[in-house]
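Some structures to go through are shown next.
Each of the next two complexes has chain A plus one other chain: chain B in the first, chain C in the second.
Let's turn to the complex of A and B:
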C-alpha cells in the first residue's frame, strides 16, 4: 500500500541537511521576533504607565505598536512570509482593506454630523 | 487506523455519514428543492390573499409570518443550498480534484445548514413563525412578541455557520486542489464564480453573525444595543444587515452567471467570448458589492452627500455587469445555437435579468428612490433579478448537469413545457407589479383597498403565480418520469470542461488518474487537438480516500439543542447542547483516522478493464 498518497500519515525518517539548516534558521527567527514582540508590548505598557508621556501622543503610539504587532504575528508566527502564501496575503489584505473602508464609512454615517 | 478497504455500510448510514462531495452536493440539492417548494407554497398563499381587495384568506398576523418565512426560506434555505449543491458536485470535477480540501467540514457545513433550516421552520408549530420580514429591522424585530424572531435569529445563526464553513472550504479547494496544468486563468467560469462567491461569503457573513448576535443579546439577555431609551441605536442593525445583505445578492447571482457562461458556450459551440474580461468583471462585481450597501437605506436620512456617493457606486456595478451581458451576446453571435431547455433558460435569462438591472439603476437614483422605496416596484425589481437571474440559473444548471449528477437525462419535451409556463407565469406575476408600485401600493401589506385601481393587476399577478406553481409541479413530474433516459449520459451536450470527461454516475474517486490540463476548456482541447480523452498526470495507483463520519450530525444537533435552550431561556438545555457539540468536536480531534485506500484492481474494474 502506498503511503505517499495519505496526506495525514505520520512522517518517517530524519530530515535532510538542507531542511535541518532551514529549520534551525526558522527557529532563530521565531525567537528573535518573539523577543522583539515582548519588547513592543512592554513599551506599550510603559507608555501608559508613566506620567511623562501625554495621552495625546500615547494612544496613537500604542495603536501603532498594536498594528506592528498584528502584522508581525501574521507574518512570522502564522507564516504569511513563507513562499506559496500569495493567495493568503492577497485575501487578508483585501479583507482588511474592505473592512477598513466599511468601518470608516460607518463611523461617518453614524456620527452626529450628516454630510 | 487505516483500513485497506472501505467498510460495507447500509444505504442510509452511508448517506448520513458521507463526506463525498458528490453525495453532499446531492443532499444540498434535495434539501434545497424541498425548501424551494415550501417557499413557493408560502408565495402562493400570499398571492391568494392579495388576489382580491380586502380579501380574508390569511389573517394579518399570518400574512406577516408567511411573508417573513417566504423571503428567509427562499434566500437562505432554497437559493443558496441549490447553488451550493452545484458547487459541491461540479467544482471538484471541473478542476480535476478527487474531493474538496476538507471533506469532513463539507459535511458539517451541510448538516449545519439543514438543522438551521429545520429549526427555523419548527417555529410554525410552537406558537408562530418570525414576523418581522427577512430583513428583521429593529425595533420591529426586537419588540416582536412571542418566540418567532428568536427562531429567526438562531436558525440563521446555525445555518449561517454552515454557509461560512462551506465558503472557506471552496476557497481552499480552488486554491490548492487544481489538477496539474489547471492554472487560475484556465479555470471554467463556474469555478471562478464559485471562488469569488466564496470570498464574498467569507467577508460578508460575519456582519450578519454580529448583527444576529446583538439582536439575540437584546431579545434574550436584556441587552440595549438597539434600545434608543438606553442609548442604543436602531440604525446600526440596518447597516450591519445590509453590509451582509448586499454582498448576499451577489453571492446568489455570481454562481448563476458562472453557470450561464458555461451553458451558453456549450450550446453555442463556441469558446466563451472574452474569457479574461469575464473573470475580471466577476472580481470587480465582487469588490464593488461591498461598497454599495447603503443604497438600501436612502430614505433613512443619511444626508444628500452620502446618498449621492452610494448612488454612484451602485450605478458603477452596471458597468462590469454590462460587460458580462455583451460577452454572452457575443458568444452567441455566429454560434451554432442549440435550443435545449438548459439553453432556453440561459437565453431567457439575458432579457429578464437586464430588465431587473434597469429597475436597479432606477432604484439607485437616490432622489427617485424616495418614490419607489417600500412599494411593489421594489418587489418587482428583486424578483426580476432573483428569479430571472438566480432561479433561471438553477433550472438551467439542473437540466445541464442532471445527467452527470443523477445518471439520467431530463426529458426535453416536458422540460420545454415547464420552461414556457414558468417564463410566462414569471413575467405575468412580476411585470405588473412595477406599475402597482408606481401607483403607490406599499410592499409587505396584507391587503389593499377597493377602488384604487389596484384590483386587476393584483389578480393578473396571482394568476401568474399559479402558472409558476403548475410549472413547478411539471418540473417535479419531469424529474420522476425521466428516469429511464439512462443512455448517452457521460457527455450528452458535447461538453467543453473537465466534468464531462468523467463517466456518469461519477465514481467516488472522480478520476482514476488525475488529468493533465493543457488548455482552457480542457476537454474540448483534447477533443479537437488530442484523441478526445484527457491525458493522465500520474500513473494508475491506489487512491487514498477519507472515511465517513457521523460526527457532523452530532455537532449540528448539539447547536440546535443549544438554540432551543436559548430561545426558551432554559440554560440547562443550552449547556447540554453545547456539551454535545464540543464533545463531538473533541472526539473528532483525538480519534486518529487516516482514511482508507481503494486498490488499483478495483479502479481498473471501474474503468471496464480487468
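Let's turn to the complex of A and C:
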C-alpha cells in the first residue's frame, strides 16, 4: 500500500453515478425544505401582522413554528438526518437542553415579563 | 482501508470533508463548539426575555420594530442558507467553480443582511434608543448585535477561504474547511429564526 499521502493535492474525477443520483435527489429535498421554511416564516409573520389569530393563541403558535423551522434547518440543511451523526445529535440536543434551562432560569431571576 | 485508498488515488470520495481523520475531527469538534454557542445565545435570549419590558421611559420594541424590514432580512438569511447548501452539493460533485460561486453568493447575501442591520441600528439610535437608554435597549443590542457579529465573522471567514483557495481546486485539506464554514453559516440562520420570533414578532404582537 502506498504511503505517500498528500491531502493538499487537488482531487481528480467526479462523483460516481450512484452519488450523482443521490446528490440530485438531495438538491430536490433541499429546495423543497427551503420552500417549506419560507412558507412557515411567512405564516409566522402573517400571524403577527394581521389580527386574524388572537395573540393568546398566536404567540405559542409562532414559537411552535420557530421550533419546527429550527429542527428542519438542523436535520436537512445541516445534515443531522444523515447516518453517523449520533455524537452530533447528542451534542446539539445537550446544548438545547442546557439552553432551555438557561432561558427559563434567567427569565425567573429577572422577573417574568410575559414570555 | 477504504479511506486511505481514496486519499492515495486522489480520487473524489463521496464525502470529501470526512475522508481524512483531520476532516472528521474538524467536523465533530465543530459541532461541540456549536453546542456551546447554543448556550451562549440562550443566556442572551434569557436576559432579553427577562428585561424586554423594562424600557425606563424610552422607546420599546412595539414603537421601533418594522415587520417588513425584518421579513426582508429573514428571507435574505434563509436564502443564503440555501445557497450554501448548493455550494456543498457542488463540492461533492467536485465542481469547484460551482462551490466557489455559491459561496460568493452566500457572502453577498450575508453582506446585504449586515447592511440592513446597520441601517436598523442607526435608525433606532436616532429614534432615541441608545445602548444605555434602558435595560431593554442593552439586552436588545447585545443579543441582536452578538448575532450580527457572528454574521460578520462568518462573512470574513468565508471570504478568507475563497481568497486563500481560489486556485487550488478541491482538496482533502480545504473540503472540511468549506464544510465547517457552511455549518457555521447555517447555525447563524438557526439563531436568527429565534431572534425574529422572540425579539421582533413577540415585540410587536406580544
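Here is the rule we go by: the second predicted complex is superposed on the first by the 99 of 115 C-alpha atoms of A that agree within 3 Å, B and C clash if a C-alpha of one lies under 4 Å from a C-alpha of the other, contacts with A are read in each partner's own complex, and residues count from 1 in each chain.
Definition applied: a residue touches a chain if its C-beta (ideal position, glycine included) is under 8 Å from a C-beta of that chain, and two chains touch if they have at least 3 such contacts.
Just so it is clear, the model here is predicted, and its values are computed rather than measured.
Of the two partner chains placed by the overlay, only chain C lies in contact with A:58; chain B stays clear of it.
Applying the stated contact rule after C-alpha superposition, one finds that A:49 touches chain C and leaves chain B untouched. Of the two partner chains placed by the overlay, chain B and chain C both lie in contact with A:87. When the two complexes are overlaid on their common chain A, residue A:106 makes contact with chain B and with chain C alike. Ranked by how many residues of chain A each touches, chain B and chain C are led by C. Across the superposed pair, chain B and chain C both touch chain A at residues 1-2, 5-9, 87, 91, 94-95, 98-99, 102, 105-106, 109-110, 114-115.
If you check the complex, the residues on chain B that touch chain A are 2, 4, 171, 175, 199, 202-203, 233, 235-236, 239, 243, 287, 290-291, 294, 301-303, 305-306, 541-544, 594-595, 597. Across the complex, chain A meets chain B through its residues 1-2, 5-9, 87, 91, 94-95, 98-99, 101-102, 105-106, 108-110, 114-115. Put simply, chain A touches chain C in their complex at residues 1-2, 4-16, 19-20, 23, 26-27, 30-31, 34, 37-38, 41-42, 44-45, 47-49, 55, 58-59, 62-63, 65-66, 69-70, 73-74, 77-78, 87-88, 91-92, 94-96, 98-100, 102-107, 109-115.
Residue ranges on chain C touching chain A, taken from their complex, read 4, 7-14, 16, 20, 22, 28, 31-32, 34-39, 41-43, 45-47, 49-54, 67, 70-71, 74-75, 78-79, 81-82, 85-86, 89, 92-95, 168-173, 175, 183, 186-187, 189-190, 193-194, 196-198, 201-202, 204-206.
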